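Got a structure here, written out as structure tokens. Questions coming.
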Amino acid sequence: MRKNYLYFHDKFRTGEEHVHPVEKILLEQRTHYQFIQLVESPVFEKMLIIDGDVQSTLRDEYIYHEALVHPAMLLSSNPEIVVILGGGEGATLREVLKHKSLVKALMIDIDKDATDIAKEYLNEWHKGSFDDKRSVLISADARVFIEREVSNDSIDTVISDLTEPFEGGPSYKLFTKEFYEVLYNKLKDDGVLALQSSLLRVTDYRMHSTIRHTLQKVFPIVRSYLTYIPSFDTTWSFIIASKKGDPLSLTKEKIDELIANKITGEVKFYDGTTHISMFSIPKDIRSLLSLETDIITDESPVCILRKENL
Amino acid sequence: MRKNYLYFHDKFRTGEEHVHPVEKILLEQRTHYQFIQLVESPVFEKMLIIDGDVQSTLRDEYIYHEALVHPAMLLSSNPEIVVILGGGEGATLREVLKHKSLVKALMIDIDKDATDIAKEYLNEWHKGSFDDKRSVLISADARVFIEREVSNDSIDTVISDLTEPFEGGPSYKLFTKEFYEVLYNKLKDDGVLALQSSLLRVTDYRMHSTIRHTLQKVFPIVRSYLTYIPSFDTTWSFIIASKKGDPLSLTKEKIDELIANKITGEVKFYDGTTHISMFSIPKDIRSLLSLETDIITDESPVCILRKENL
Amino acid sequence: MRKNYLYFHDKFRTGEEHVHPVEKILLEQRTHYQFIQLVESPVFEKMLIIDGDVQSTLRDEYIYHEALVHPAMLLSSNPEIVVILGGGEGATLREVLKHKSLVKALMIDIDKDATDIAKEYLNEWHKGSFDDKRSVLISADARVFIEREVSNDSIDTVISDLTEPFEGGPSYKLFTKEFYEVLYNKLKDDGVLALQSSLLRVTDYRMHSTIRHTLQKVFPIVRSYLTYIPSFDTTWSFIIASKKGDPLSLTKEKIDELIANKITGEVKFYDGTTHISMFSIPKDIRSLLSLETDIITDESPVCILRKENL
Amino acid sequence: MRKNYLYFHDKFRTGEEHVHPVEKILLEQRTHYQFIQLVESPVFEKMLIIDGDVQSTLRDEYIYHEALVHPAMLLSSNPEIVVILGGGEGATLREVLKHKSLVKALMIDIDKDATDIAKEYLNEWHKGSFDDKRSVLISADARVFIEREVSNDSIDTVISDLTEPFEGGPSYKLFTKEFYEVLYNKLKDDGVLALQSSLLRVTDYRMHSTIRHTLQKVFPIVRSYLTYIPSFDTTWSFIIASKKGDPLSLTKEKIDELIANKITGEVKFYDGTTHISMFSIPKDIRSLLSLETDIITDESPVCILRKENL
């Protein structure tokens, strides 16, 4: 049997490391914005690693991408125009395209090299989604593009699938109150914004809680939700920020009915029970979230948060 | 600042390792049954490690122990007689003692050295619970003791807080259909059994699913639930097996009311919303659980399962 | 600056591991006989790893290859016919070709895929040596080829650059008393055999001492020598077994004179002082070597030695 | 069999790590100057670790301590007064006491807590040497003490067994040209100074070469020597700086004769052949040492060298 000699070390700010055997290096490429590695793991199959962080793996990426996309899109009535911020692998786009009402999915990712890599090497992620007639891929700074090119009240759903807003990183100005105000204005009256919002567990919650608190200054309804991602070894959080609809008002049965009526293709993780599970935040986490006072603004864009003292 | 030089390597059957910095070794002791280490971690504070597996940590043990005890005890009407199987640290006992109706908590742990260590060094876990007048600690093989010394229809709740049933380990015969039948008979008509039932995630689910399937042969109501434990880096599972009551029938509001009426002292993790969260198993996991066909019996006690090919 | 996320774990039988950052995977290929990896290390530049063991690195391969070749070839009077056993990278061949007297270097390596890889990717090792008119590369089992195709009393120097003789490995029958007798017969009257003979340090010496002891049953003069190889993190041993010449009889000055007269091209590591250093075995090691009683034969080819209990 | 769960990570400035299993923590103590750990390793038995660096182990400490003491003391004619700088474990003192001519061994170590720990816990190292009537232990800054309390021309041999002179560390001012001038003056006409002088290998040589070059500005004879220490996984260097005697002038036979006449008790590593081995520096290392131009002075005490860019 093949023994493993190479390992990916997933290093945490706390000094802890998760060591994953690597059977094969499929790709290593440095783009202008990030360092991309695609490796083969005996446990998680293909792993996509960006700047040393596990981004998603073939074994469990469906959890992340279904969790990010479907709650928001089912909360929008019949979403026709959807904007994806980031979303390099194309798997977020893949899930968006499953919605029958969709007319146009605009994916705006700053890193053209990364999306080119995705097109060529990550077919198992995007499943050809970039070639769907409803898909439009824009290589641009999402904030600049949206501010200049998108009309007010024109978007049904925004899905923010960005890397975390560390100083100097490409997502730096896409997590601020000012940008959320821009998104608010571009969204229709019943528009919904969904975001990936960092890991969330009792030992690590500040990144999530500041994003959440910032959104609360802009949107009337802001709901955290979370689920466990095996390849991240942690619970991961998402947020729905909406103008009208509230994901907490949807019953298990209603979700199952919506899925049956509005989605085509397989949904492996998300259903009514999963929805209830994700939006039911345990008491200890809720207590921590309620304490947050910081707000992320253009002027203090990462709100003094750096990876080291997250 | 103190740099770390010593590390605890939490090794997984898959070849993956989680490496935790260790600031101090507080205790190392080999008992007849297990190797016990108590170390100081910068992230998780004191960590109790048994035979190389993280057992519980001061930082997050409340999640595990509240999840194990309260759903079952609130499902029993007014539990007076509770039996704890295993439970070395004394934290399961601590949670049991919070229930106002309790008359007697019988904790049966085979490893007297381990419970002696707990009494002396783990006060932060048990908080003096061994000295409570309602507590009785028995050092014995739980199966032998229960079969011989406990009358039928006499127990309200059984809490199984055992290490996993690996071959040759002390818990080996405490996870079989035959033992569950014994417990069924010892429980009152509305009796409830709660168990810790190993890690549960899409990449590792067989230990849980075989325990669950075995219980389904004995108890009319069997419900899996799960929550994320940060120091385990994974979701952990529990099962409620009951003669009458069904935890799925309890609403969020009912749970909050029961907690207010029946529990004294602080509950940090468990409440109505947490209950809903834990008992709502995501779709992908539910699919996997439904496939199980194995049953654990005295004759094939670990049902061919060994740690390596779990 | 580039951070490292991938690591090569060099695992020792003792449970110790040396963890080397890896900046790039240049090549990974499984041949019929072995698993070959070529990676880029920030410290050792290109590292050649075979079956999880560091074979040689660009940064320090000259130490190993000069140590293996030059003492034996300078001890032979004017070596014309040299046989290399193994020697995949071509760097042993490179050093052999530096000797002015050389007429023909016969390199016999069983793994054609490995030497093809060397030809294509390891130019920095072999420096075109495979194309030298004096080089002949034979892809064959060295023992079978030498027994059948090589005349007695025909070889000046044999350089054994084989991987270690673990059971089932390709070098299994190339470290036995019977094979050494074959080599003895094929060597001229003043012929010399040099071997790489595993790591040698007070904590790990049995592989060396059994090879040495076996050779002592066949050759009148057997001399151990050793030097430190940085990328191996240990001292590595070699043996000269000869019919007449004794490396201990050569002075520092004589070696320097021989190098000046008989070698063309640069020699970075080996000179008179280095020779004295390598052949002066510290007292504690000498004591251990003197205790050996095992002999490796065709019938007990690895003399019960396996990597685990070396 | 006992499995290992705790590991000591020996971290190198290059990003490499050597991971040693640890079976038991025997001692952990922070003194005013350093963090001391004594652990049990399956390979090296007891390991003494100071500030995260392996200091010495029971399995191989004799190599280091014999190499440090005996060449210098045998080079002094009949050393009566010997000064040890540092030397916490007491093993350097143990070797000094083996010399028949010795009248007084003055050990000056700044860290009283560390020598107290040594007295209590490291008997296997010092073997009661602190109780020998010839031993005097001074807890003081060695430089201040020697400058003020020691007469000129009064010492036969100085053995410098100090931790490395990193900025802010306790040995900071004990590796400078000015201090070496002090030592020169305190030594008798045929006095000898021996120092441990850091690791020395082609990938890491600057610490050694700057110490060596600094000594060359003060002493007429300066000789580097080196040997492999298994628990350090590297060759380690020493220097003899002397007023008259030259270790290179001693033959193998002369060393063996001196050992027989002047030393009582067992010497396991050092003898004539070992002496020749240690003082024969390979050609590649000699080339590197010859390039050094830096000098360590009180004003630039670590000569811009920090552990990170050694």
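Letters A, B, C and D name the chains as they come in the text, with residue numbers starting at 1 for each one.
Here is the rule we go by: a contact is a pair of C-beta atoms (placed from the backbone, for glycine too) under 8 Å apart; a residue touches a chain by one contact, two chains touch by 3 or more.
Being a predicted model, the structure only gives us computed values, none of them experimental.
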Partner chains shared by chain B and chain C (touch criterion as defined above): A, D
For chain A paired with chain B, centre-to-centre distance based on mean C-alpha positions, whole Å: 34
Distance between the centres, which are taken as Cα means, of chain D and chain B, whole angstrom: 54
Length of the line joining the C-alpha centres of chain A and chain D, rounded to whole Å: 57
Residues of chain D engaged with two or more neighbouring chains: none
Pairwise touch network: line, ring, star, complete, or other: ring
All touching chain pairs, where touch follows the definition stated at the start: A-B, A-C, B-D, C-D
Contact footprint of chain C on chain D as seen in their complex: 4, 14-21, 42-44, 59-60, 62-63, 201-203, 227-228, 230, 233-235, 267-271, 273-274, 276-277, 280-284, 286
Sites on chain B touched by chain D in the complex: 2-3, 5-11, 22, 24-25, 28, 35, 37, 39, 49, 51-52
